[in-house]
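Paired with subunit B in one complex and with subunit C in the other, subunit A is shared by the two complexes that follow.
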Partner chain A sequence: MSHSVDVEGDLVTRVEGHGSIVLNVTDGELETCEWQVVESPRYFESMLVGRSFREAHHVTSRICAICSVSHTIASLQATEAAMGVAVSEQDRRLRKLALYGETLQSHVLHLGYLALPDLVGEKSVLPLADTHPDELETVIDLHRLGNDLTEVVTGRSVHAQRLLPGGFSQLPDESELEELLDRLLNSWDAVAELADLLAVLADELPEFERETEYISLTHPEEYAFAEGTIYSSDAGEIPVSEYRDVANEYVVEHSTAKFARHERDSYMVGALARFNNNSEQLAPRATEIADRFGLDAPVHNPYFNNVAQLVEVAHLLAESVRLIEALLADGFEAQSDYHVPEIEPTAGRGTGAIEVPRGVLFHEYDYDEAGKVTAANCVIPTNQNHGNIQHDMETLVPTIVDRDAEEIEHTLEMLVRAYDPCISCSTHYLDVEFVGEER
Partner chain B sequence: MTAELAVVALGNPYRRDDGVGPALVDRLRDRELPSVDCLDLGDAGFDLVHVVVDYEAIVIVDAVDFGGDPGEVVVFDPADADGTRDRRASHGTDAFELLAMAGRLKGTSPTVRVVGIQPAETGFGEGLSPPVADRIPGAIDALERVLSGV
Partner chain C sequence: MSDANAPSVGDGRRTDRSRPRVAFFDFTGCEGDQLQVINLEDRLLDLVEVVEIVSFREAMTEHSDDYEIAFVEGGVATAHDERRLTRIRENAETVVALGSCASFAGINALRNDQDFETVKERVYGEDSDSITSYPIARPIDDVIEVDHDIPGCPIDREEFVQAVTALVNGAEPSIPNYPVCVECKFEENTCAFERGETCLGPITRGGCSATCVSAGTHCWGCRGMVDDPNEDAYTDVLEDHGLTTEEIIEEYQLYWNWQRNSRAVADGGSR
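Presenting the complex of A and B:
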């Protein structure tokens, strides 16, 4: 059977930012299939130029309110690498804890508020208050736990203020960490409840597989989030300093955001890429959940990024428990509540690389001798996924083209949502070249 | 959380009068009312659910386009605002639907009032428009009257 389908590019809902799917099938032939990112560039890299090393991370934090701590830490790493600033073991643990809290809230927000409605056949999370009240309360509690974890460590759940180059201006109260520890240890029932619900609904995830390249960080001692080396499922380990050769950003006509490619036409970053590259280092409770869903690396179905996020929720809870126990056991090094680490600025270039909710994030800055930024480059995870979304769509559409237009559109929207894109983050910069005009 | 009553500002101060909620709550905070928590949620929609669960009563302060004069204040119960569905989500998330959703969970049903201020300009830019800025003192008085009544 051959028929025609026309999807006209309404904005995809339940994603952060503005992106559209444009699809045209005429008499069974795929003529147009585009993942269009239509947001305006935001010029953060230009805004950084001329800024002091002490304020760069406050500027880049504002790239995103969902993953502001992620941008802050990547920014601090870049600055510290450029100036050779050491960070203590205590402060590295605290940064990890802040990052885990943020990733926890982001994953739960995506799973519970944005993806779950697809699986229960609702347009938004709001009707779940009537159909799945217990599970929705669980989602709200876990989301809040992630927010509170970040707030206790950094002073705020969004746009952290205590994180500074070289350390923290203020340390958390041990009593607050003890209270968080109790809540974390009591959260396993909540995770089990979410897993139960997702297990029932997993059949609703479309059966679609497309093998691609999976890129993440990797670390010899832990499931990499805050520190590590780049790892490609095709090419193996790659030094962070060579991140530009990994992302190979390029511009397409139908998008205001850059696309990326490495060994193949596109690659994937995010929870599923991390799972595929590092699953052997997951906490036992996370592995239990992966086993329950039959998740065995490598997984080539992008819709299972949702399940990988749930697996990571369990891992993040377990790792947060371990970190807080270690911090409390060792006790905090004394410092004032207005501590500013002493740093003599030096000229140089530094790169930061961390795993954030949606995948690997790179920040790179050049500094002059006064400690002012002279050039900046930020490569955001969603940018790195745009090409993979596009190629998934091109592969998927011919296999579902006989379905009605509404079902095709819904299946493609679910695909986009599975990547949990943060489109506002990704529209960071475009090189515009004017052709055929003297300027 | 230190009180049973929260004043919640919604709005974006970089969209001119859309920031009237945060501006008012900033001034209220300066008065150091002992039994009121002043919260600025900006446009962070889902966090509103957490506030609903935490407090006995909530007063939301936000720009509301109800067709009044710039800076004019309207006070209402969001449960009575069903007829304005297409006009009430300038922040991307429908705060009233979130309130209704939260109210159906955990058996929480705090008293909620909205203190709405008619905006004049909501384009990009900082600072309130002159007609709205001129009526801030009256809006603060109205807000304090609502706080004493919930």
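Presenting the complex of A and C:
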């Protein structure tokens, strides 16, 4: 059977940022298959030039709201590495907790608000208030818990305030952490309900496999998020200082975004890459969920990134419990409510690398002797995934080309959403002429 | 699980014209203001009792051009942004700028006094020739008429709810024109100047409950300047606290490049 399909440039909805799929199949032959990114440039790496080391993190937080704590922490790591600033164990734990909170809220937002409507045949989360009120309440409660974790630690869930080079301006009250601990310990039913809700997912996900290179951080003692070295499923461990050799950004004619490649034509970052590289280090509760969904590393079906996010939700809750218990057991070292960590600026270059909801994130800054940025480079997860989305599409489309246009479009949109792309973050991309319906 | 094809109460609501129809649009920005709307959590469900959301690309697939109120987040960076914005203005009775990038270009304008060729070169290197964005970041009122601003980076959730409530009731959203210092005193914070830090609170628009000072830092100016800032007098204060002219300008640049240039233009200068 041969027929023609033309899907042109409609914005993929329920993703962060703007992206389009352009697909042209004539007489059963795939002529065009393009993943385009149409976000407008913001030039953060230039904005940073000339700014003080005391505000680089404040500026880069604004790259993306949904990952604002992540960008802040990567930025602080880069600045601290450049100036040889040590961060206390207590402050490292608190940063980790803030990062876990943000990743939780981001994963729950993606699973509950952006992906779940697909599964129950709704076009947004709002009708679920009438059709699935209890399930929606579960999703909202978990989302709020993630946000509250971040807010208790950093003062605010979007564009956090207390995170500073060298530490924190202010510490949370122990009573706030105790209350969070209670809520975390009572969250397992909600996780089980979310898992039930998404159980249909495993059956609905397209059967599509394409092995690729999986890149994440790795850490000898924990499932790496806040600290670690780079790990490639093809090449093994790579020092963070060599991140530019991993994320080789290159320009492709048909796309707005710069793509990235390492050992192969493209690689994947994000929850599934982390799961594939580090799954032995997951908390037992997370492993239980992975087992329930039959997730066994290595997984080569990109649609299972959603399931890997669910597994990480359980892991992050368990790890947050462990962190808070450790913080409360050790007690806080007292500090002023308006603490400014003392730092004598020095010239130099520093790199920060952390795992954020959508994959590994790098910030690198050069500073002069006055502590002003002279050059900056930010490599964000979504840009690293663009090439892999494109190659998945090129492999997938010929296998489904006989289906009707609507089904093909839906399958490709689901693929893009599985990667949970955050195009607001895209710091490197190029303009192309916009085609198709705009909104 | 219920039958996905069963009609829902939500379907019935979609034809209900008693609630104002509201659309959200994102331009050049971080989408943090829409995230603040999502972060209303269960109160978002209360909100959809009083307004009908017909477009919210970050959260829903449906889209309609039939709306009364458009909330626009982000600034204008490309000709494409400008065309899209013009169409939104044609469709909407009321346009509200959501957040600082939409209201007064916010942090996006930090690059506006940098040479554009250098800006492009720094970010795109040898590929910079193919970049077609505008040389400066602009707020939406530089392109279309805007009825109301809800500033902030990000917006304050309470202020947003109050603004929506006012609009639904046919009233004007009430955005303060007093400085952050007023609310900072209510919060009983120790003044940043007393702590030896500099702070833009004295001439920054309030409405945020001095959230940053309360979190142990200082005001960065994210809500923009009050309507008639006494910038010269304030500059004297900063000089008294030992800041050099260069350092003072750096403080002002972070969020206020567009506003300060507009004031200079009004005084006869060029942008």
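We take it that the second predicted complex is superposed on the first by the 425 of 439 C-alpha atoms of A that agree within 3 Å, B and C clash if a C-alpha of one lies under 4 Å from a C-alpha of the other, contacts with A are read in each partner's own complex, and residues count from 1 in each chain.
We adopt the following convention: contacts are C-beta pairs under 8 Å (C-beta built on N, C-alpha and C of every residue); 3 or more make two chains touch, one makes a residue touch a chain.
These figures come from a predicted structure and were not determined experimentally.
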| item | value |
| --- | --- |
| Subunit C versus subunit B on the shared subunit A, clash or fit after superposition | clash |
| Which of subunit B and subunit C A:Ala86 touches, first, second, both or neither | neither |
| Contacts of A:Val158 with subunit B and subunit C, given as first, second, both or neither | both |
| Partner chain(s) touched by A:Ile63 [first = subunit B, second = subunit C, both, neither] | second |
| Subunit B versus subunit C as contact partner of A:Tyr43, first or second or both or neither | second |
| Partner chain(s) touched by A:Leu109 [first = subunit B, second = subunit C, both, neither] | both |
| Dominant toucher of subunit A (residue count), subunit B or subunit C | C |
| Partner chain(s) touched by A:Leu185 [first = subunit B, second = subunit C, both, neither] | neither |
| Which superposed partner A:Gln170 touches (first subunit B, second subunit C, both, neither) | second |
| Selected from 112-120, 166-174 or 184-192: the stretch of subunit C that, after superposition, runs into subunit B | 166-174 |
| Contacts on subunit A seen with subunit B and repeated with subunit C across the two complexes | 65, 109, 113, 125-126, 129-130, 137, 140, 143-144, 147, 158 |
| Complex contact set, residues of subunit A against subunit B | 65, 109, 113, 125-126, 129-130, 133, 136-137, 140, 143-144, 147, 158 |
| Residues of subunit A defined as touching subunit C within the complex | 11, 13-18, 38-47, 49-52, 55, 58-59, 62-66, 68, 109, 113-114, 117, 120-127, 129-132, 137, 140, 143-144, 147, 154-159, 161-162, 164, 168-170, 200, 251, 258, 336-340, 375, 424, 427-428, 430-431, 434, 438-439 |
| Subunit A partner contacts - residues on subunit B that touch it in the complex | 44, 46-47, 49-50, 53, 97-98, 100-102, 104-106 |
| Subunit A partner contacts - residues on subunit C that touch it in the complex | 1-2, 4-6, 8-11, 25-33, 35-36, 38-39, 41-42, 45, 48, 53, 55-63, 77-78, 80-81, 83-84, 107-108, 110-111, 114, 118-120, 122-124, 127, 130-133, 137, 153-154, 190, 192, 195, 197, 211-212, 214-217, 220, 250, 254 |
